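Look for chain A in each of the two complexes below; its partner is chain B in the first and chain C in the second.
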Partner chain A sequence: MSEHSDSVMNMIFGWDPVWVAGTLFVLTYAVIMTERVNRAIVALLGGMLMIMTGVLNQEAALRGEDFNTLGLLTGMMVIVAITRRSGVFQFVAIWSAKKVGAQPWGILLMLSVVTAIFSALLDNVTTVLLIVPVTLLITQELKVTPFPFLFTEILSSNIGGAATLIGDPPNIMIGSAVPFSFNDFLINLAPIIPLILLMTLAVVWVIWGRKMHASDEARQNIMDFNEKNSITDARLLKQSLFVLATVISGFIFAHQLHLEPATIALFGAALLLLLTNIKRSSESQAKDVHASFAEVEWITIFFFVGLFILVHGVEHVGLLERLANAVLDFTGGDLTNTALMILWISAIFSALVDNIPFVATMIPVIKSMAPVFGGAENLAPIWWSLALGACLGGNGSLIGASANLIVAGYAEQAGHPIRFVPFMLLAFPMMLMSIVIATIYIYFRFLV
Partner chain B sequence: MSAEQFMSRDPVTAHADERVRNALVKMCDKHIHNLPVMDSDGKFIGLFGLRNLLHALLPKAATISPALKSLVFLADNLEEVIESLQEVADQPVKNYLDRDHLILCRTDEPIMEVIRKLHEAPTSLPVVLLESDGAHLVGMISYWDILAHISAQLGDADPRLKSACMTSDSEGSEASE
Partner chain C sequence: MKLKKILIPTVFSREGMKVREVFTICVEAGVPALPYLNSKGERRGFISLAGIMHHGCLPNYMVELAMVLGDQLSCVKDATTKVRELMDHPIEAYVDKPLHSITSETPIIKAMAILEKFHSSFLFVFDGDEYRGVITAQGIAQRMLEIDAEKSEVVSRES
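Here is the complex of A and B:
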């Protein structure tokens, strides 16, 4: 990307672009953190002001947009929106609950593993939207408190999401910016995820699992569920699973196919829309396509659109390079120190604020460190640190990740509210435990 | 012709703290679907209807999430439903008011607007006087009230329809006789 073509042309009132960009950036992030105004509105407003004040022109702003992130998210959201109508996710959840004889601890274990696997292959928010309602139904039937189940599902979704390129927005952004392939994530990040999940479940067992109990009668209620009945549309099921399999194979072979993940995901979305609409009337097609697009989380997408412009603005005026230099001064330009510092800072930040803006900012910062470490190819340990820190850090508090808030919202509606402080008292230490594991992993895998 | 002219006056009501059991007895006795619910000051605070009862009988998860659209996979378990009904029956009606879907009608609204609102509302329409200290219930309008009122104006054009509709139940009103 040529930075010269983005040059500042018409700064209004002759203001210093560094100050304007920096102020806009800090103000926008501050307002996002207050959560008083919807984050999509704030980011979009901040991004547009970056253009209107003359820090960037429209063309330059567009170069800041990462189509790979936007396209991949949108494509996967459309595919999942259509797939879930088939009832397949309910099927898997009920099937797994019955496999363990409807024992509460077994169900918690199964649903957590299912959550982690789904989160690795779909986005976390979608996963919990699908799993949590079934969990609430099952816990109500079992007459057990849903909190340990929901708590573990939150943790599992963020842990599972860390495993793959498509699992969590930070990974999508990192994969696109570096660029790393789907397989790079599988080879470098996925191996540590099962251990982190296992340790988390061990703690949950000590706190709740060993004391869990449900009556035989309540368990029988679950065993009487007929999960096959939840498949409401067998044809749709086949079509969706076919497209999902195609898309995931596409990610795995993306390098050989010379394709970017966004292309594959959007192709998958278009293909599934085609398969499900082809024999319908044009009126019914318009309705169905509209409904499928409406399920895309546009708040997230427009949040990204604004954020990319904001970050490109501060990057363009050279602020992020200064930040990178400050980090390097602090770590003495040592790769191990830098990587581990990024891991811990990412984790703490992501627990307290949204990890998406944090990662969006850190990407250009880390990129500009390449010369110090002898080229972009030597930055890999820092990228994996950023990914693990940002994804796992989301477990530190109820506001650490969007999925956490979705679960809390459902729990509240179901009459079992999850409170901020009690959640954090348990989740934050468990998040730190996962970061200790990640530290050891990154050190021995990439730094010695 | 405004709402005031075809509403049923003096509807049967329930108190906010009244048990659901008691409210259901009134509803079954009078064959009415919805009871206006009043607080201790006699202010109208919402409707308790058979739809609210059905909502309360469902598992919580099914009422909060679009992801659980179908419950066809559940075992056919009547005891569970009976158990839920007994639990709900001991609760005060105020726990089951559906404020999100409540549509109110003012006394001076024209008939076409009343028909539109009834078409939109899943329940009968409470007719209220909105004052600074809250809503005062003055009557209820059900589908039947509308039909009875229109058919009363039919004259001799359709005597069978006229007499059939005019003698039908008028929901929410003791004055239906």
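Here is the complex of A and C:
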């Protein structure tokens, strides 16, 4: 039984709380997986039912909330929402396409690298929303099919997102639950990311890249694009880049500053709002602040709010401890077996279902394994396995990550639908390849 | 100030019509949109010139990146073919959801408030099931100019 003994733990309407919590948890996850009802609604309902059925009281439920994750996500969403208005991301994307002389393969390479870098620093959904329009425009002008470009960008976005604490929600959650800093993620995860990206691009080159061609005239159309015109507000650009640089520096020096990532991100958001509003009228300020807050992905935030309560409920009744014991029984309590099993299970799960609920569930499961492995400090290989598995696994199918669906939706709207099966036939083996690389990395870096 | 004076009577757009027919009616009547009837004669929304141009000619990514486009674009070369294709296209793909409509007795100020509320430049006028026509922001402006001219005339006559 976990720490919150003040919560209601009596029989609920004559039912065992373990059954009530377990049933609520399974039902909520099942409905989330069907994608018939918005995931935020389902998670919030599930979370509230955990309280209303008496599995948790409100106080205990609030203790389940991870305010570091919520604050970090919200802060970064506000910063990115304001920064993107400056047009800087489009500038970089078009500038990079022109740098390679508008050669199709060169553009694919550049846009993939830019996507991976942006994804490491911004959230993946924002990144693809910025890159996909540029890709569609460029491929239209080059008269080449956009699928290889979009496909590689999806993969690059999930690969790049795995590199940092702020790159992907699973990393944000892991970084918040365990005392891993921004630098810990950089030191332990980022080194393998270029190799995975390189191998992915090598496969893409074999499949499509070597056959890509565009006429000189079409390439000239791209070279005529004026990327400088995408910068619509130079002052906003300077302010945004200053705050973004300050926030990233804050993450790097968070340990020395004794600050949590959420504090840094929310401070950055507030600072950027201040800088962009300082000389405006109160009416104009209210409008601008409202618009900036409106761009926060509240669906994601409320999804997390509900999910944290839900997971805390099953943790509270001891179900996750039982799950952890089952995993340890299966792996014989061996660190190598456990880490690699978590890596592969995370990858397969994340390819098929949303990786956020999976990681939210696995965090308490892994935490409870600490005594078996001689303390929390020895769990690092398992945490890195979870991070790499969950982030890279998102590449396994079109529904593996939110960014994948966003690209597919945008492409379909533009008349270039990406179908589930053709995507998976190519993406799943490539995801497996990345997990094989991750397995070798985890093994030699952390387990021998 | 009532709407009757600025009302522009038009026909409906109907299921099976081509874009060419709608463009012709709108351009001749000087209206930006027409109400749409399905094959059963039921009102199912409206067709607007802006909607057809947006959905038929402009992918979202071109709009998003409008500022960076150069003067040489691949689609410019094929413009004639593209226009022809668009004109032959059935209008069903461009039907927008029904707009709030008003009656011919509605005061212009209320019509202006509704235009503002829905960020629209036109409204359809119905008296019950009877379709009367379209009112536009230009029509309202024109009526305001007329009122201003009438007033000036009265003032100059009195003086």
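Here, the second predicted complex is superposed on the first by the 438 of 448 C-alpha atoms of A that agree within 3 Å, B and C clash if a C-alpha of one lies under 4 Å from a C-alpha of the other, contacts with A are read in each partner's own complex, and residues count from 1 in each chain.
The rule is simple: a contact is a pair of C-beta atoms (placed from the backbone, for glycine too) under 8 Å apart; a residue touches a chain by one contact, two chains touch by 3 or more.
Computed from a predicted structure; not experimentally measured.
**Student:** Specify the outcome, clash or fit, for chain B and chain C once both structures are aligned onto chain A.
**Tutor:** clash
**Student:** Who does A:Pro133 touch here: chain B (first), chain C (second), both, or neither?
**Tutor:** Both: A:Pro133 reaches chain B and chain C.
**Student:** Looking at the overlay, does A:Phe428 come into contact with chain B only (first), chain C only (second), both, or neither?
**Tutor:** Touch status of A:Phe428: no partner.
**Student:** Touching A:Phe89, do we find chain B (first), chain C (second), both, or neither?
**Tutor:** first
**Student:** Thinking of the overlay built on chain A, is A:Ala218 touched by chain B (first), by chain C (second), by both, or by neither?
**Tutor:** second
**Student:** Quick check for you: in the superposed arrangement, does A:Asn229 touch first (chain B), second (chain C), both or neither?
**Tutor:** both
**Student:** Output check: A:Lys143 vs chain B and chain C. Expected answer is one of first, second, both, neither. What do you get?
**Tutor:** second
**Student:** Under the contact rule defined above, give the chain A residues that sit at the interface with chain B and also at the interface with chain C.
**Tutor:** Looking at chain A, the two contact sets intersect at 87, 90, 94, 132-134, 136-137, 140-141, 221, 224-227, 229-230, 232, 410, 413-415.
**Student:** Can you list the residues on chain A that touch chain B in the complex?
**Tutor:** 84, 87, 89-90, 94, 129-130, 132-137, 140-141, 221, 224-230, 232, 410, 413-415
**Student:** So in the complex, which bits of chain A are touching chain C?
**Tutor:** Per the stated touch rule, the residues are 87, 90, 94, 132-134, 136-137, 140-141, 143, 218, 220-221, 224-227, 229-230, 232, 410, 413-415.
**Student:** Taking the touch rule as given, give the residues of chain C at its contact with chain A in the complex, in rising order.
**Tutor:** The touching residues are 59-62, 64-65, 67-75.
**Student:** Can you tell me which positions in chain B touch chain A when the two form their complex?
**Tutor:** Within the complex, chain B contacts chain A at residues 59-62, 64-65, 67-68, 70, 72-75, 77, 80.
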